[in-house]
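Right after this note come the structures.
After this come two complexes, each holding chain A, first together with chain B and then together with chain C.
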Partner chain A sequence: MKREAPKSIADYSPLFFPGLMLIVFFVIPFSTMIAVSFFLRDPSGFYTPDFVFDNYARFLSVFFGRVLAFSLMLAVMVAICCVAIAFPFTFLLTKRPRKVQTIWLVCLLSVLSLSEVIIGFAWSTLFTRTAGITNLFVFLGLMKEPVALTPSFWAVLTGMVYQALPYTILVLYPALVRLDPQLLEAARTLGASPPRAFFNVVVPALRNTIVATLIMVFVFALGSYLLPQILGRPSHWTLSVLITDQAIYQSNMPFAAAMAVFLVLMSLALVGLTLLVGRKENAL
Partner chain B sequence: MSGLVLKDIVKSFGNFTAVDTANLAVPHGKFVCLLGPSGCGKTTLLRMIAGLEDPTSGAIMLDDQDITPVPTHKRNLGMVFQSLALFPHLTVGDNIAYPLRIRGASRDEQKKRSDELLKLIHLPGFADRPVSKLSGGQRQRVAIARALALSPRLFLLDEPLSALDAKLREAMQVELRQLQQRLGITTFVVTHDQREAMTMADLVVVMGQGKILQAAPPIEIYRKPADAFVADFIGMTNLLDAETDRAGRVSVLGQAIPDLVMPAGFTKAAVSIRPEDVHLGPVGGDSIGGTVTFVRDLGGTIETFVEAGGKTIIAVATPRERPNVVAGQQVGITLPADACVVLKS
Partner chain C sequence: MMATFLRRLYFTVVALFLAAPLIVVAGVSVNEKQDLAFPPKGFSLSWYGQIFFDAEWRAALIASVTLAVTAAALAVAIALPLAWFLWRRIAPWANVFQILGLAPFILPPVITALGMLTFWATSGFYGQPWTAVISHAIFFVTLPLVTLSLGFASIDRSLVEAASTMGADDRTVLRTVVLPLIRPYLVSGYAFAFVLSLNEYIVAYMTVGFTIETLPIKIFNALRYGYTPTMASVSVFFVAVAALVFSLIARFGDIRKLLGAMSSES
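So, the complex of A and B:
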């Protein structure tokens, strides 16, 4: 069927609603934020409209550079851990009977109903010296005496992976369910052992899904600001924590906006780079 | 015995018995068609030969060696799946060379073998194309070439031609048979299309409800079906009740058929006669009287439907021996005794 080019304004009408939503909920707030990032801060009040680069200049320091690098590194690690755990898990889940799959998915969905605060405090309790899991390890004879695992980088990472894992599985599940099981069987008849067939066939066949999932978890983890504060030291605080601090506690909207814009640009650049690398490999 | 032997293979899924005590011996180099309606267990049987399913009991022997416990990837076989299962992320050449890559062959060896196979399947120069750019028939050939890349001991195909249109399917049947004869490889094809089986097979294995009902060369299956199910499944047939009277003569539809002998101990049986063996003539004599209900003239053949004694008998004739009857006409039906197969009913 050949589609005709739209002729009148009425032909564009299906675009009006999504266009309106995009303007109201994305273009206006984001432009406001960009505008604010160039405003001048008024220490006694809020801010005054202006066009200065002070906010961006202040950002270009070793301290903020380190926080930005840490935030990006943390988000990348969370994304990699989540996909590395969720992909084999979801693959094995799709091989189970339908009923078992449903039970697992319902349990995972129920984890999503937990708020970030509850997840954070639950893990911080689990990681304490007095009531934490190390007591269990001592009981099992794996450790000599209980230790506190929080605050630490690994506690932050664990908490964030725990939070993002259900999303990762739910994003991977449809693609893995649709994967033709005969692809794996074909690899086996051609001489590949089951683990080899998994890495030779399933992983490359779903490469685009994996890349998309990595980006999704990365973006998701980048916005996290509660868990680093609950489970980490100040050195493990992400840029999102600093943005919240500036915007709410220091009332420095222009600087918070500048940091937010910078964070968006950096993550867009990273996502773009990932897609570019993916395209190049595809072309080979 | 050398070749593939199935010994008392049983496969159950819960309460359902998919394959029930299958026994079969296939010498090397034979082309075997597993034929039957859907759900008869033919695919399950093929998957057990491939090692993709484990039999509940029984053994699969290849050259007197029990291969039942050998995992699929060590059985050295080639299999073509119903969905073809070509790897979407690899090119045509890499798909075909995949089994060589698994075994650590060098890039040159892989290239050499895939070029060789592409020539064999009449697709030279296709090595660098992505699989998604191929037509249905081309994908089919690539799947066959990939399965043959390592010169396997067994070549298994699960309804390989079902996705192709009728014309291409017929051409591929002939091509597949010629390829198999050239390579002399023991081949198993699962199909529900009896024409396909007749075209390709040395040995047709008819299955129904998990059991092997008959295993014989195609023409024998056609001429001497083992039971009513086989007779009905392979080609068109007329299944008629036969009775023995006190004098020992066999009669069908109330008319004695001279020379037709019922096996000892049978008093009631069914007679199967192929439509092309049914002769139509004038009413009277030894013939069975009937009324023509419909004539289907297909050009190449003419099918005449005759109602006699509450049964519809189909007669097929070529235009040369055209019966020249019209619907409503009274005719006499003659059933030659040598073309009738007596089956236990």
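So, the complex of A and C:
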């Protein structure tokens, strides 16, 4: 049976349910959120309909600027750390036997699916004074006495790298597993050592994949909302935390919605950029 | 020799990094008394019993499992006809729905959560348990959509053609040829959505956070009021469930192919 264009209305019927669900429960909520971002805050309830730009005007404050700058800086650092660790790792993984790959993929998926709550709780335990990693350092003679490592910026960064690393590996996996092995063989026959072949042949060949992955991990890291709360101080809060905080605890939905719209636009621009980079790669 | 050693070292370091927090959590979960000590003082599995016997934790467990089972089923029900249509028909504009299905997963989760919150608040259903089911189904529809699209793409069209030249109509082809071929992809799509829904916090919190406590919400609330080893045992339980589900997928399907390896020879 070949693919064919739908001829009658009945041919479209499989689309009705999915289309209806996606429009009613994704497009409409999304539009509602955009509408609410122009509404006025109502301290006693949710909001009152209006058309004002006040919520967007609040972006111009120093406080918002600082949160935005911190979120972007943190996400950039997470993306760089993750790709730096994951790229060589994934490359080596694709050279392992099938069985080894499968076991690693199962473990990575298990970690990836973990709730941010659990990751946050696990790392905060690992960073405590009583049960944490510093006890091991004391035992090994590296430190005099155990200390608490959280809340701190480094705790937030570690937790977020932990959360994003499996994601990074799984994003890189298809590109690396499909990499033509002849490319590497040629380099080796011409006398390049394995590290040299890796840095001079594999890395340049996948330059665009690396850029696309950096952007995807960056967007992923922007979405982290619990780790900065559990592992950091209020000064380490990101845009996502601020949105949750405004929506739930300050019950200022219009301002939260305005920030969310801003975050969407930023993410969409970056995802668009990824697609553009990906297209260039395919054209080559 | 040296290269093999370095590779092993690298793999070990990554493995330790991924496992370390889970090992510590597993350790504190078997403490005999209610304290946060590692290595554990004494040994007791009573905190695991708490998940099932303590009324509050059990309620949270039931709420989470119910939500995950129904939301994943709804997600598959949305994804299956859509993926089938996109495979069966040439209708470029229908790709819009595919993009809509992928969007919630690519955007930061807080955005879907806030969209759902404003929507349910505006429509007056805020806090109803079923709103979380729909919200999760939409949020995770991406997973069955991706696995099912892969599944349909892997079907050899000549098989389908053979069936239809022998006189099978669309419905018969779907039931006797297509569905059996994509069953592994259907199951893995459901399983992915199930595990992620079980672990999801922000969407559940923003939609039904004040009326129902799912396990992740319960852990986060407990985290604020101090520590109990039950939190650790629930975390270990979650890791075990995820590992079990993904091992089953790997056992009965080809997880490498699902994750983007083109063929399964190598």
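The rule we apply is simple: the second predicted complex is superposed on the first by the 236 of 284 C-alpha atoms of A that agree within 3 Å, B and C clash if a C-alpha of one lies under 4 Å from a C-alpha of the other, contacts with A are read in each partner's own complex, and residues count from 1 in each chain.
FYI, contacts are C-beta pairs under 8 Å (C-beta built on N, C-alpha and C of every residue); 3 or more make two chains touch, one makes a residue touch a chain.
Source: prediction; values computed, not measured.
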First, second, both or neither for A:S110, with chain B first and chain C second: second
Touched partner set for A:E185, first chain B, second chain C, both or neither: first
Greater chain A contact set [chain C / chain B]: C
Touching partner for A:F153 - first (chain B), second (chain C), both, neither: neither
Which of chain B and chain C A:Y56 touches, first, second, both or neither: neither
Contacts of A:L15 with chain B and chain C, given as first, second, both or neither: second
Contacts of A:P204 with chain B and chain C, given as first, second, both or neither: first
Partner chain in contact with A:F64 - chain B first, chain C second, else both or neither: neither
Partner chain(s) touched by A:A131 [first = chain B, second = chain C, both, neither]: second
Doubly contacted chain A residues - partners chain C and chain B: 194
Touching residues on chain C, where the partner in the complex is chain A: 3, 7, 10-11, 14-15, 17-18, 20-22, 24-25, 27-28, 35-38, 77-79, 81-82, 84-85, 87-91, 94, 97, 100-101, 103-104, 106-111, 113-119, 121-122, 134-135, 137-138, 141, 157, 160-161, 163-164, 170, 173, 192, 195-196, 199-202, 205-206, 209, 216-217, 219-220, 223, 231-232, 235, 238-239, 242-243, 246-247, 249-250, 255-256, 259-262, 264, 266
Chain A to chain C touching residues, read off their complex: 1-6, 11-12, 14-15, 17-19, 21-23, 25-30, 32-33, 36, 46, 85, 88-89, 92, 98, 101-102, 105-111, 113-126, 128, 130-133, 135, 162, 165-166, 170, 173-174, 177-178, 194, 219, 222-223, 225-226, 230, 240, 243-244, 247-248, 253, 256-257, 260, 263-264, 267-268, 271
Chain B-facing residues of chain A, complex: 180, 182-183, 185-194, 196-197, 200-201, 204-205, 207
Of chain B, residues touching chain A in the complex: 50, 52, 71-79, 81-83, 85, 87-90, 98-99, 102-103, 146-147, 149-150, 156
